[in-house]
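Next, two complexes with subunit A in common: one pairs it with subunit B, the other with subunit C.
Now for the complex of A and B:
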């Protein structure tokens, strides 16, 4: 850099530079709309926050409960309108506030003094009047591979008879604690939910009835059989929860369901006289976990921003 | 585990991020209801086996506790 301005910390890391753009506070959003929800398997809610910004918003959220939270999308819907989607576990109606930061071009200020750092095109890269973002801590989290500490077991094989009221899919595994350093009374977090996993269990029951002679468990004469099969599944996305100055990486159940099939068959003296079935293919994800690379969690101080 | 006919079948294993072994397995159990009727139940599911544990021994113990064996 032959000209311009650069401020570094004692680790020689850049704090302010005329070559980069710092983030500044755009606004706090506390009234999301609930755009998706479920109560099964621990419950979840998808919260949508609508933001008006001329530049790309970078969202942080607070965690008002001990549930898991994560950002799943920042989308420019039209013009200067953006929608930020946050998911949370549980069924509570307590929602996080979203603290949104943008570069200095996207924020206005009425203050008449302060410090501005300009880029060579004349636009501000830093403006002390616009509540610049201060990072107070950070960490990297890795989710556990399996959201369930035990296998899925004991469910009905007949026409998905266990429904979704069971707890076999409720996630109960999280990472060990990761410290984010000292935090304020309202720490705010930037964390993108990238990890995903699916878990499923298949149950079948076959009933064979011999209407002829049953000789050493071999049916001689007319026999029938009926098979019912049900596959219960759930899809999870990663989330983080706060416990004091620590965070844990766990799972949020975002979708669950079941499908079933049944088959009748009959034979007479070993000759198939009815029934039959076929099948093939599979899910794109079946008992798989993807995107498990460690994910950054950036921490700020929400009390600095009104 | 002794060399016996196992009552379960391991369909797939994968290494999990913490070193555990992710195991997809199936198990079948037949009940003789009466002279004319048999009922066979089958389960296919997934479980994490701790790193270093023998998969067969772990599953045998796990399924025994669950009443499958």
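Now for the complex of A and C:
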């Protein structure tokens, strides 16, 4: 830079620059509303945090349990109101706190001294009174392509008879441990859940019944046949969990369902006299994983921003 | 500390230090589904750059929600290929 102000640390990383904007602490939000949830296949909860900000919020979350967490939406709903949506795996009612950072224009302070760095338009780039974001570490994570370690087996083929009480779709695969460096007693994480995957298993069974004469396994007269097919599926989004100074990228089940069909047919002396089918359910992907690109995780110290 | 800079809050608590590490926001912008954006920032020259993508709406459970591909070429950030509206943050240190 040819003019302005720039401060670097002893690793030559920029701390403050009059050409950029430091992030500053807007607030901590600890009472989300639960806007979606499910209990099947490990369960999940979608938590919505409402924030007032004049500029785009950059949310971090803590992880109060060893479940998986991720940010799935940051939306300006009206005026200065934003809704940040976070998902977590499991059915517990322990929810993360959201730590929100914005550039200095979006935070007010009544303290009368400190240090400010201004951009060339006169707006604040850095303001020491407004609790600038300090990070402690970070990493890049990539989710495993398959959330399940085993094939889906043994489910009923007839009209989704196995329901959702089985555990065939419970995710059990995660990435290897990724170190995020030293962490405080309350590390906070910025991580956007972009990866998605779906897994399904299809089961079929056919039955035949002879209502006429069965001669050497040939039905003479009136006979019926029925084929039942059920496709059980679950839809997952990416999440991260913390284990000490490591994080793992895994999967959170957000939706599950089953699609079935039943086809019956009847013959009378070899003449087709009727049939039918039925079904229900649907799924957005088919045994596919998308958005698997490496995703950044930024780690801060929540104890600085109580 | 034997050298560097400490900036204190009115309470006496340390507010920021030259021993700290942070990410500075260079820009934030929205890229809609189906759109492509390329922005060039001279300030990125020689710096470590991190881009963050945040979906505006949660990914759909009834259709494929494809994230944008975000790449860096020199001082230019390229965003394309997604079918969802997203926020892009360009950070540097």
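One rule holds for everything that comes next: the second predicted complex is superposed on the first by the 279 of 306 C-alpha atoms of A that agree within 3 Å, B and C clash if a C-alpha of one lies under 4 Å from a C-alpha of the other, contacts with A are read in each partner's own complex, and residues count from 1 in each chain.
Definition applied: contacts are C-beta pairs under 8 Å (C-beta built on N, C-alpha and C of every residue); 3 or more make two chains touch, one makes a residue touch a chain.
Bear in mind the structure is a predicted one, so any value in this text is a computation, not a measurement.
Of the two partner chains placed by the overlay, only subunit B lies in contact with A:287; subunit C stays clear of it.
If you count the residues of subunit A touched by subunit B and by subunit C, you find the higher number for C.
In the superposition on chain A, contact of A:237 is made with subunit C only, not with subunit B. Using the contact criterion defined above for the overlaid structures, shared-chain residue A:14 touches subunit C, although it does not reach subunit B.
In the superposition on chain A, A:53 makes contact with neither subunit B nor subunit C. Residues of subunit A that touch subunit B in their complex: 142-146, 149-154, 157, 199-211, 214, 217, 287, 289, 292.
Taken in their complex, subunit B has these residues touching subunit A: 12, 16-18, 20, 22, 24, 32, 35-48, 62, 66.
Across the interface of their complex, subunit A is touched by residues 4-5, 7-10, 15-16, 18-26, 28, 43, 47-48, 50-67, 69, 87, 89, 92-93 of subunit C. Residues 1, 7, 9-11, 13-17, 19-23, 46, 56, 58, 71-75, 85, 87, 103, 111-115, 126, 128-129, 131-136, 190, 192-194, 196, 235, 237, 254-255, 282, 284-285, 290-291, 293, 296, 298 of subunit A are the ones that touch subunit C when the two sit in their complex.
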